[in-house]
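Here the chain labels run A, B and C in written order, and each chain numbers its own residues starting at 1.
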């Protein structure tokens, strides 16, 4: 116990300094504190005592250039930020764009649009990057030097893939009926009854769908 | 040591709750705290442990209507009392109205006026609501559907009350029948001798008097 | 809150004076009930034991003093004075059982009202005297604050991903139509077969005689169709003649 090694101020003096620092709107110097607790208090001793007392607590008393203040312990910073998760599904444009990047990376925006047959709105790539699944992957050394995109390790983790080679190939997709035009027609039918307005024939996909 | 008598949460859990309450800009309920420290923490035990830990310190952990916050100890008021004059001095009408609402809530304006024997001037309730101490508390399902008023958690926090049962002398007043519902009609008869208004014939209580 | 002079710190004022008369200043009172309560307090007894008759006299004397000073007296003070005079007479005169409520009950109710107001007034004072947050006790002066970070939790799974890619591929690939191998009699075969079988046959022979044997109904239909077209072609070339007696009647073939 470090408290034992420092001069022990009276309980009331320590409490007074403690309350003063707690209520203060900014860090206080020893003189600042004296203005509140009076000249007879050994403020330095009280500060030492308090700093030791709070050393392992959720809040610490810290000295910043001669001004003292309480702050929450650094290792608890992650608690003080509450993350509210909102469950969302990627828009059709989002999931298609992601699929193209995953299968073709590194791939430029123009190439994605060429494969999808529709333009992608700015928001689509932003959403994928915000989700942490897609990253810029350098520029291609062709005319226009287009920026290319690739997937991230977080993408693999989220979709349960060891690596990109785990993605089913075209033949697998065909075998699974996922390339069957009939399926596509059915999906289109489904979509008309659903909420996704991002059908493939639009000039540009609408992220607000 | 009171700490010995209550379940002892882990040191880390206590620290997390402590830090959350320290960082908060307003009193927090157990649910509020859970949103930060997570569902696995026995928050109630941590709060009890912290309240005991801080009981004799310069700052205390207090429960105000189910919302917890740290505040400086009451006996240190002389050190901390701010020099600046109280910005909000309640009028006598305001104080009485606040007391009537607190001890009778939910209570309608007519009932407040009946107890005070004068009409409430327009500003009185406004001031109490602006201070955050009084809120509209729904309409009473009686003829005229009068709006009722009640106190807020901020009222409890400001006046250092754990809950309404802490209101000074409320048990005695109730036992003496002084908090029973006011018989408005009868009281009106008393004062008016059959006049149809429910309060003495005043323009308003003139608080500038 | 402009002009409100009756503030917390002057709460106890105006204090009851020693005399049972109060300085005449109607402006100090918040209505007749307030004045009555202050007068009642000068009796220095518990409100439950105060004398209503004495209180009535105090009040009426007070209003009289104000009148002699020609102070403007608000109507409600006069209404209260009239009511109190009526109450006093009721209390002093022999009881009239017809009168409801009785003067005693009215007196009791007045006393209860004063008690009630007094209780709230004292409660207010006790509230104000508590350790108040921001005046006597203080919350943390500079809290770091808690933050809420909104974060999307994406629901999309691997199947969504590969299904999407399948759709793209299906859209992008030129459709390739593959017709299954079917058992048919081609026109060439039919012409060959019919011309061989008809030979120099001069008898009218029904077309079904020229069809190959088969258990496959699909093939039989195909053979009939192609053999029919074959006879038409051979007739055009002048190699066979065709006869049909009626619509949907059997079709006959012979060498030309």
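Brief remarks follow.
The rule we apply is simple: a contact is a pair of C-beta atoms (placed from the backbone, for glycine too) under 8 Å apart; a residue touches a chain by one contact, two chains touch by 3 or more.
Note that the coordinates shown come from a computational prediction; the quantities given were computed from them, not determined experimentally.
Hopping across touching chains, the smallest step count from chain A to chain B is 1.
Distance between Cα centroids is largest for the pairing of chain A with B.
Ranked by how close its mean Cα position lies to the mean of all protein Cα atoms, the top chain is C. If you average the CA atoms of chain A and of chain B, the two centres end up 39 Å from each other.
The geometric centre of chain A is 31 Å away from that of chain C, both derived from CA atoms.
Chain centres here are Cα averages; for chain B and chain C they lie 29 Å apart. Touching of two or more other chains is recorded for residues 20, 22-23, 36, 70, 72-73, 80 of chain B.
Shown for chain C are the residues that touch two or more other chains, namely 138-140, 144, 146. Residues 1-9, 11, 27-34, 74-76, 79-80, 82-83, 86, 106, 109-110, 112-113, 115-117, 119-128, 130-140, 143-146 of chain C are the ones that touch chain B when the two sit in their complex. Interface residues of chain A, counted against chain B in their complex, comprise 11, 14-20, 22-23, 36-38, 56-59, 70, 72-73, 76, 79-80, 82. By the touch criterion stated above, chain A contacts chain C in their complex at residues 19, 22-26, 69-72, 80-90, 92, 94-96, 98-100, 102-103, 115-117, 130-131, 158-161, 167-168, 170, 173, 176, 178-181, 183-184, 187, 200. Residues of chain C touching chain A in their complex: 138-142, 144, 146-158, 160-173, 175.
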